[in-house]
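Residue numbering begins at 1 within each chain, and the chains themselves are lettered A, B, C, D, E and F in the order written.
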């Protein structure tokens, strides 16, 4: 039965998550040099173009077909949105799912597909931060298209689609593994293939406009309400819990990051404030509907501190993760997924599980398995895709184009003029 | 009876559509030269000021008074928001309307008026893109005020208010004719009166800041969810269908535009990506709640391709439609309204109609009549209004003011400083 | 009983109000010189970090504990979100409250706390406009933390928490006194302690980027829908009334401001349009759910005119309220709170009161008492806090740092680069 | 060699550039500047405060030319940049000891 | 004629401009520049990476004056632009062969 | 004293600055400029309209040095700024009558 309150919430939640991709575009675009602004914006906006269409044609079906099969990938039942209509539906009723009743939607099935579409757009788009300033546009297009089908759709099936990780008992409220570990691991793979930006790390590459980054962070923060609280698929207490957790963790993430930044570098920075908030948001994502009380404060603080430290790794190991997708999304996603094994409590969500804090170690173990599985799968397949593309068409722009910048070389445009 | 889920959705949908006008302001402002940025922003923001007040005083009454009379214009029943209260209501029960029961709202009537107010703001604001860089502010103020009363209100009555076009059987889910053909035809009229920008088309007039254009496009895309899915006036399956169609058509519009741009100019541009998405959004607007499946993909693709070609017309015919309102909104609106005659299907909306694809030609014919009627009416009346204003106070700034730019000459401000 | 429509609306309303603080950040940041952009953004974003955490730990409890006691401050019942859960609840049932039944929520109590959290973030953040360009970051951090606990929490209790002003019969729908008078009076206090910016008023300090100010205004306008209509705590007729009033008053505020600006300075400015809209929004805030019809037009117009005149006061009296928080929020808040005593009518809200226009003077008297009380309390306590901080750590940056700008001196960052 | 510096109105840049190309000028360097002179500025208004702005946007051109070309180049410049209204700008000529092309190390006339 | 070029601190521009007006300077051209010299730069921090920035914002003034005015103008300039702290800037004077007013074609002293 | 003006490619600024420091140059002034010369520009596309852009971003350096240092400084400049590709830029040298340090009033060689 369709509930109009739930439908109202999911309608706007879907729009909110869609709005996150422009937010992400600006969060990143502010950090690049002025010759690469449009290159960054374009990659993100193009993800909104290509991936939505791929999703409704085949992606959704591969991710959510055969719902609750406990398996590896969906089927083609929903190819071209076949069988995806305006009525509510029950998914996976006959499967392994605990109560034998599957997931009963109180919103139109089509809305579920649209909501998931916005996740399928932003997840690959996260990668653009790692590859900034050197990914050839044509190669990028092929990469994210292939990645959606070969990496995102299966992983979404494992976790959100009632696949093997869901069956195992791993939890992921809104995508700690599916979104953040997944995109973060892929980022690491592809920057290894692309190589470092010319001049990195010697040359100074200041953010060309931190206000863009800040407005992007504001939009992300706003949209994350839809991302996490929308993942309750209803306007109920769990959604409220998720909203509360999300906002509080973002705040605590900012505080954590600024604290260590202040200690290490002597000044709290605006970029640090934005980065810390995002780190908190990343880490709370898997936890959003499963924890409560002061847990989001601890999770956020931890994320701010750990991710700040993690972004230094690239200098140690020499991979050029331009805007720290690995440091923030991979590490923050891992941290959040594991902390869920600590802080989860059925007090806040009876359909969830109890974590370490409630005396149970099982969840933490499952979280570790899920995290590692997604990390390894995404890293390996992404590496293969990137390598193949590199062989076929050179994944990276040539040196002159990189010097001129992506805006002119890839898109024949200048970001700013008189 | 008021449904709180429906009310929740329409509350936020109203806010979303309101937010579109700032979005539009930036979409346009990024494309003008830096001396005309504030002129553009001001015209759009001022529309939010003036038109809202005019609407609640008299515009709403003229558009929706005498609902369902099958006629040409409303009455003064709702003058100054009289009789527009917090309760739900049934409109046009006694009229020609099919089931004899009119339109029964499940939201407060006042919310319906507020939702429609946001449409009455953005539609005239669309015109500012065509007249960029040369419309005298005072003349602009008079123009949009008069246009709201003399053009928008009647046309809205014809279609949304149960007027003659609605009675005829023409469909327009969220304003393909009322909003886009209407504003596009008016744009053509007024640029003929204003004349070309100094230096056009010889002088290069680069967009001064494409990031503004992109963030504007992001806001428009986001807000369009409220525009189209809000037009269902409920949080039901039709709203969901509209949301899905909207987002998918925007994406396909981007792909269509970039494809032909790539072929013709050799590079896919960021401005093209944004423009294509808007073209897709325009074309899906009349269709939003009446089509489904893969139709939004086709409609979006067609819009992206056709509008890209259409914006070249101004060079051929020599009218200076500065930011392509004719090419995108008039042409995109026409295309969408006609394609509705092709793709409409009662499968997706029993209250709709069947189009060509279901074997019925009637709708296409009605769509053509409605489109042409709105086009001609809007063009002629707009031309008269513009001519009269031009006689009374010169519609265009003088040459020195145009050279200095609208920011300084009309508003004594500079957009950027240290 | 939880209503999912109400919950859906409050979920998004909470997100909307949260989004207002980034909006405010940009509204202000556009007006400062380019060397202080990040200083401004940082102060606002940091408010989102610090105050959310303080709120969930103790602020909410101090404001809403002992709900309906008719007293001065809450208790520690909700310390660390204890007893704040996912169920709906009735607050203050046993207190003085009219029907003896207190306030019965139809949304999870936790959602109420989260919604209020967003108010507790933006209210202190409003002050940053007054102190622009010279507040030492460390001192600012201590100030807003202390202010939340010592000023905001008690005042919120007096009015929103069923404290003595609520018991007295003063009305404040969404925070004319709690938010605007409160922050405005504090602004006056602290600028007296900080002193004038170097060079003020002789030196020209142009807004460095009015587009930022305009996009900030757009976001504020959008978010204010959540602020005011969300304060109905339901998706009902009152919420709709509040939304309508809010949007119309913003529009009328713009018209009022531009009218007098045009008369006095000869040109209507973009900054004036944005400022007038905000003035209208401020003044409608206490009125939002209690008035109707054409009242928002009058209230908005009055606010636009009066606030335009009020911002000239700082030159007369020589206090450097950099971005006119006193002129817009203190004066606009006072005006709105008093006009509520005029325009309130039970026709629009049976739970409200009748104002002068309905022939009753009591409300106006109560509004005056409430406004003055909040003004005096906030001014005095803020002055003390600021003085103490100034003694302990100098509230103001030193001269060199002020010359270099806050961006470099406080945060070691530059807003713009190549 | 001689260095010719011209301050012109920004919207004249395209015309001037074209005219100079025709006149055989091979290269030049363009700077956005602000000028102060007899031309009246404008008033800006921000929240009721009026500011007199007397620095106006101008464009500066620098080009090193052979001494024998100075007369012709300044002539072309004057002609192309003139609108006849106050604020058209100035041209001044200074002596250059030496001109070097970085790429080749060529000197003076060879380096233009 | 002589060309006086001055590099000053940006916030001194208003004072300098006023003083020059009083001293009879009729026009000048102003450019935003960055300077490198003895004045220490500052440190910027982006995500834990520290950058030493040694180019500081400065303002460049160019004015062509009559030879006999050079002493007075540079004197006024020095006085108005001086703060006494490192980084106050430099003034240099070069010989101008010819000054032309574009609008009228007037030359040298008539063209200032 | 002599004024050395160099137009270089923007991304060479760091190298050039470092090389000049080593060569003993104490100070200089840097301006963002656009250059027009033999180097080909690029095409920009906006909604189907193609624009040929022939002004390219360059960086201008001005430094006043002692006459005896001119040779060495230009030598270092040429070496550090050269990429060997068209568009590397120019250097020109002009005579300076006088150099003043605003802070101290020191003159010429003492003022560098």
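In this text, a residue touches a chain if its C-beta (ideal position, glycine included) is under 8 Å from a C-beta of that chain, and two chains touch if they have at least 3 such contacts.
Model, not experiment: these values are computed from the prediction.
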| item | value |
| --- | --- |
| Steps in the shortest chain-to-chain touch route ending at chain B and beginning at chain A | 1 |
| Chain labels contacting chain B and also chain C | A, D |
| Interface sides of chain E and chain F: same vs different residues, half threshold | different |
| Pair exhibiting more inter-chain C-beta contacts, B-F or B-D | B-F |
| Separation of chain A from chain F, taking each centre as the mean of its C-alpha atoms, in whole Å | 46 |
| Between chain C and chain D, centroid-to-centroid distance (C-alpha), Å | 52 |
| Residues within chain A bordering two or more other chains | 3-6, 8-9, 12, 206-207, 215, 219, 235, 265-267, 269, 271, 411-414 |
| Two or more partner chains touched - positions in chain F | 31, 44-46, 94-95 |
| Chains that touch, pairwise | A-B, A-C, A-E, A-F, B-C, B-D, B-F, C-D, C-E, D-E, D-F, E-F |
| Residue numbers on chain E that touch chain A, as the complex places them | 44-51 |
| Complex contact set, residues of chain E against chain C | 11, 14, 42-46, 53 |
| Interface residues, chain A side, partner chain C - complex | 3-6, 8-9, 12, 16, 33-35, 206-211, 214-215, 217-219, 221-222, 225-226, 229, 234-241, 243-244, 247-248, 250-252, 254-255, 258, 265-271, 273-274, 276-277, 292-294, 297, 348 |
| Touching residues on chain E, where the partner in the complex is chain D | 1, 3, 17, 26-31, 62, 64, 94-103, 105, 111 |
| Chain E-facing residues of chain A, complex | 201, 204, 206-207, 261, 264-267, 269, 271-272, 275, 308, 311-312, 315, 324 |
